[in-house]
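Pasting in a structure now, in structure tokens, and then I'll have a few things to ask.
Order as written gives the chain letters A, B, C and D; numbering starts at 1 within each chain.
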Amino acid sequence: GPEVVSGPGADPTCFAPWSAETKFLQWPAQEGPYRIAVVNGFVGNTWRIQMIKTAKAFAEDPAIKDKIAEFKVVSTGTDAPAQLGAIEDFINQGFDAIVTIAVSPDGFDRVIRLADRENVVLVPFDNVLDTDAVMQVNEDQTEMGRKWAQFIIDELAAQGKTGGKILEVRGLAGNSVDRDRSAAIHDTFAASGGDWEIVEVVGNWDDGTAQKVTADAIAVHGQFDAVAAQGGTTGVVQALIDAGHPMVPIAGESENGFRKLVAERSADGLKGISIGQSPGLVAIAMKAAVSALEGNVMPQLISVPLPVATYDQLEDGTNYWSDLPDNFFTVNEFPPCGVNISGPAIMSQSEADVN
Amino acid sequence: MSAQPFLQLAGISKHFAGTRALENVDFACERGTIHGVLGENGAGKSTLIKIIAGVLKPDSGSMQIDGQFVEFSRPSEANAAGVVCIFQELSLVPDLTVADNICLATPPRRLGMIDRRAQREFAEAVLARIKCEDVDPNTLVRDLSLSRRQMVEIAKALGKSPRLLILDEATSALTRNDVETVYELLADLRQENVASLFISHRMNEVERLCDTLSVFRNGRHVETFAKGSRTDRDVVRLMIGREVDAQFPPKPAAMARPPHLSVGNLVWENRLKGATLSVGKGEIVGLGGLDGQGQKELMLALFGVLRGVEGRVDVGGVGGAPSSPATAKRDPRRICLVPEDRKTEGLMLPMSIADNLLAASYSRVSVGPFINPGQERKAVDAAIAKLQIKVGSPQDAVATLSGGNQQKVVIAKWLMTDPEVILLNDPTRGIDVGTKQEIYRLMRQLADEGRAILFYSTDYAELIGCCDRVAIMYDGAIVADLTGADINEEAIVGASLNIGTRAPEAVS
Amino acid sequence: MQTALSRLRPEDRPVFISAGFIVVILILGTVYTLATQGTAPLFSPNYLLQQLQTGSFLGIVAAGMMMVILLGHIDLSVPWTLAAAAMMATAVGGDLALPTGIAVGVAVGLVNGLGVAYLRIPSMIFTLGVDSVMRGLMVWHTGGFAPQDKATPLMRMLAAEKLFGVPLAIFVWAAVSLVIVLLLTRTAFGRSVYATGNREAAAYLSGIRTRWVIVGAFVASGVCAAIAGILLAGYSTKAYQGMGNAYLLPAIAAVVIGGTRILGGQGRYVGTLVGVTLIVLLNSVLSIMQMPEAGRQVIYGSVIIGMLLVYGRGSRNLGG
Amino acid sequence: MTSLGTAMRQNRGFYGAVVLLAAFYLLYNLLHPRGFSTAVLIQNANESVAIVFVAMAQTIPVLLGGLDLSVGAVMTLAACIASVLVNGSPLQIVFGMVVTLAAGTAFGLCNGLIVVYGRLQPIIATLATGAIAMGLALFIRPKPGGDIDGDLNWALTNSLWDFVDTYGLFDPDTVWFAPVSWIPVPLLIIVVFGACVWLPFRRTVIGRTIYATGSAEGAAYMSGLPIDRAKIAAFTLAGFFAACGGLYLAIQTASGNADITQAGAYTLNSIAAVVLGGTSLLGGVGGAIGSIIGALILRVMSFYFRILSIDPLLQPLVEGVVLLAAVSLGAFRVLRIKNRLELFR
């Protein structure tokens, strides 16, 4: 297993430690090239598909290609034993690093123990584990919630409002990401001292559900002063438009469709902030795994900067693409890390494949 | 013997939604007797025994067994009191083995678990008692023929050591040999002082077997009398409440008829082995023989149910066996089949009488793609009237009809399609004398209208009384074709056992 | 109350009881909104029409599902049939969008029907397999072909626009309902569905082409799922993976709450309509009350059980 | 010989499944770099326990001719309960396990009571109670977590050697222990439950009543069998097995997670496993051992993605097609049937 060492870690612009308290870990250096596996859970939404494509593309990236001897991706569905089993199987097969999106923030004790025994680097990202025994890669969900809420507070303040009715469209119930983001939103509003009423609806991070619950909320509550949506943001905006609701400040995810709508309607008042959990995280996790295998000192928790875009920063062809589908996630690349696979690049790559 | 009858019912009444199945019935049954129960379809016989056996609860009235008042709320309680019943609808579990079925409710146990060895031995013993050694206790009941199943059912009842044994038409599908065995068995039981209640529509069986007869009509107990104290004619009159004349309608004079349906060398799996047969228009051809000699398969083959049938089939000039019942029933063949088991193959029990009647002839009441409600109603009413089906409303579920009326619904359903070839697979099984007569008359009438009728029956009297010709099947082939005066019991039985003098005509 | 209930004909009971329950839900919801915000929007035509609009997707899915349930079968492939129809429709786009979507529904229905009717694999398991095949196809499609996902203007219009103040989607639902009702009550096919659902052997021996009937019902279900998918894509302005996930269990629940026997053979379409409305309003009111997921699940389950218990159906079926 | 032949014919589905599993698993081990090793066996067994239990749970209502759509939810509920209770002193741990199993069993009992006395179709009654079970699970575990005893986690997810070693029962390297020390504990759990609960149960009157009821309810009633008790017992036992699955899941993951999608997937997979194992959805034919085989087949199919190089975006398609193909294997029966009436059984 890794040793806890003192910092600083390798390549701090890319592998930024989460906070000052973050531990640093070091694995014994191993000879490359390495065998790396990605164990995904659920597949069946665009984010995951984009993530898998990014992983495949990044494995072919010249910067890392020579360091990888074998690369496998499996998706196990939302079945915890199957995911744990796949990880263990790859450990048994002698893989050197395993990158994973955990289906549950708990329950990895056994595979962590096995991985440590075999000196396998296990790197959860996106849905991370409630443990500090493994190296993990993620964006700061609390920070995201805080930024969303602050943006709304600021925008409303610019309109001269210090209170009002906010619609919060939440994600999947029971998920820690949903919990962290929502808590941060509530805390930030509370901290601002204004007179806020927050109406919560559950949108499951899914456009259709989010659209329906937003429409319902409007029908029942009339008008909102702003909207904070964790996901399915395109659907949320569509519901506003369909209901003839005035365009109000909105905080949301990084779907292309949302950015398109904000770009189109920000002049009407749809002042939006778009921050997203990027499918490109997988590339950073892979890069971190390789770096750890090379024996570098790594932060236990790697914080990937939030890709923020506000309505005044949107630029067609740069951070959103009006000619591309709504569903894909705009932020994919992380230049400080040498991860330069943009969303459209992935799309065009496969279009070329299909020709 | 104690002075009291073993079973005594007083003032039993039972109503179903809309029908009065039993009305203030008093009834008694003595130890050491075989007691026959007679009555038309729907007279309430089955309802009576269901009450005795704890399947149904009477609305009012009391029941005593051995002088004790009893109230059974489920069949197991009746079994515990020594009342064992073989129901009209078989009560075997098809996916369990014969041995499992025979010991179903109270198997021999060791350490709380079923002792399969003891169970098997027990089953073998009981089966041996009814001369069914050929039935392997390890086969699934599903794989047995109907007649074997009925024997297993009897074995199962026997295994419960009954003090009162009830047989509700339990011999309707049995072969002649088995019937004899059952007679002997009942006689033995009588020796052992067991009371038996025997329900059958076959008068001769009842005559031969029973000591006492009770007649039911319209839910009432009409009369109980000792065997021999009434003539057949009287008994029938008691049952249907009117005089009946000749049982069978007169046959027309024999004449040569060109074959309308003709079958040559029909082969299917190992059940049909070169059957050859023809039926002319206006002719009723009986199909006889022991049970399970391929009669059912022959009909199914003609109706397009079997796959991989080889041989020549010709129906009104159209060659080849139809590929499905849907093809069979339509022009140009127009074949219909009244199947063996009306409850599973003939009817959709929970659906209404009207829906069942229409099931084969939607196109006849449709205008364009749509069913016309007016035509629909008219057709249904006509069918009900034609066969005099006793119904409350055509919208009632067909399950609420008695067995005989259910059978009429099946026949009426097919008559609505105006068939030219009518295949009847034992259509009078479990049907009372009155209704039987109606069916015989109807068959003759249909034949006179120029239809070709093939009529399988397990009852020799029917074959003799109804048919212009009788073909006897043995081991998948027709071994005899009897006409005119040759149609007699002796010839039929001889040919059925294939001990007849004739060489099979089939293979020519 | 008890006597009034028992005076209803058994097949009418589910309809009246569900309808009564709908009113109860609306009243409870209104009590809540009055208490919290002092308004009673739930009885406003605006709110009700909107519920029917979003309910129409579920309603159309349930209509198809009912055909299959009447046969004693079930169609678990609805989620990805719906998504696949929508995704293929938007991927093809233009005038061909609608026909493409419907064709997907027909194709899936045919595969389901052939598997169930000809191979005689239990529908519970075959349609489950088909669902995962469809999901696999759509993952592959999205990953490999960079498909366009934008709803065409026609799809958009059908789902979101209004005619005389009534959303067009409701008209589509009504049209589908009309077709299904006619089919079930006035055609040989519909009667055959009931007959086959009651006892397939007897139906077959009555010369009904039961295999075609089964195939037909599955095609109907596939087409209904496809229509719902097309509408939903129009409503959301785009198609996306997983858009059908929320429709399977509610559709089954709606059909059953509406009084259709899950084993087949019995059921009326009005019941399904009422069942759908009930489920839609229940979900909406729970969402308005900001009921946490845990409570929602419990209420949802209790309502289904409670309703069925009140119907008092399912008397012991002997001689089965 | 004839009786063996009869048994083979009567259980064609089951033997077919055994052969299929053997073939799949052998090939997997041949292809795996560390095939036929204890480590691989342990991993495979661990991954299979939960689905095996849920499949066993599903079997019993299916034998009755019903379906239990709540098994996945009951498993989840049990896992959530276990994640709260299974920790502390050994006594507390045992107490937690007992409560977990009792809760699942009680939930199954409720299912049975509702089905029997409410006279509801099992499939729809359990669809609803499944939602209730999920709701309860969410109340107990609004978010994933829990602290299940770590030793227990390690001991029950490894070989007997590790089990003995973890609890220091005796020297795990003693000579007499060597021949069995490699056996994975999860495998042992499956075998023990199959042999000590299911097989005896099957031989009881209640067990047989379940078969009889599934095959012909009317006949079973007329024969005086205790149908109501059998139905209640069937759902209760289903609840028990589902709870066993949940308990193991909780121990295996050392936590509980009220995941609705996972619960749904387990329910559907349990039905697939039951069918693959040769149990008829019409009831009356089959058994839980077959379902164990069926569940293992489902699992083994997914193992292949880890050793073969299949495009990750094609994997779901391959998975679906293989599942469809596997369940279609039974259809060969249909092609052999010469009397079309037999199709309608």
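The criterion applied here is as follows: a residue touches a chain if its C-beta (ideal position, glycine included) is under 8 Å from a C-beta of that chain, and two chains touch if they have at least 3 such contacts.
Heads up on the chains, UniProt names are B = Sugar ABC transporter ATP-binding protein; C, D = ABC transporter permease.
Treat the numbers as computed from the prediction; the structure is a model and nothing was measured.
With centres computed as the average of Cα coordinates, no chain lies farther from chain B than A. Chain pair with the most C-beta contact pairs: C-D. One finds 35 Å separating the Cα centroids of chain A and chain D.
Rounded to whole angstrom, the centroid-to-centroid distance between chain B and chain D, based on C-alpha atoms, equals 45 Å. Each chain gets one centre point, the mean of its Cα atoms, and the points for chain A and chain B are 72 Å apart.
Counting partners per residue, chain B has 55, 89, 305, 324, 345 as the residues that reach two or more other chains. Residues of chain A found to touch two or more other chains are 43-44, 49, 52-53, 173-174.
Residue positions 135, 139, 143-144, 201, 204-205, 292-293, 318-319 of chain C each touch two or more of the other chains.
Contacting chain pairs in the structure are A-C, A-D, B-C, B-D, C-D.
Listed in rising order, the residues of chain A touching chain C in the complex are 43-46, 49, 52-53, 173-174, 199-202, 206-209, 211-213, 215-217, 219-222, 234-235, 238, 242, 257, 325-327, 347-348, 350-351, 353-354.
Here chain B touches chain D in the complex through residues 55, 74-79, 85, 87, 89-96, 100, 104-107, 109, 112-114, 116, 136, 138-140, 142, 156, 268-269, 297, 300, 305-308, 324, 345, going by the rule given at the top.
On the side of chain D, the complex with chain A involves touching residues 32-34, 37, 39-40, 43-44, 46-51, 138, 141-146, 150, 153-154, 157, 249, 252-255, 257-259, 261-262, 265-266, 299, 302-303, 305-307, 309, 312-313, 315-316. Interface residues of chain D facing chain B in the complex, by the touch rule stated above, are 3, 6, 10, 200, 203-205, 208, 211-212, 214-216, 218-226, 284-285, 337-341, 345. On the side of chain C, the complex with chain A involves touching residues 33, 37, 39, 41-42, 44, 46-47, 50-51, 54, 135, 138-139, 142-150, 160, 232, 235-238, 240-243, 246, 284, 287-288, 290, 292-293.
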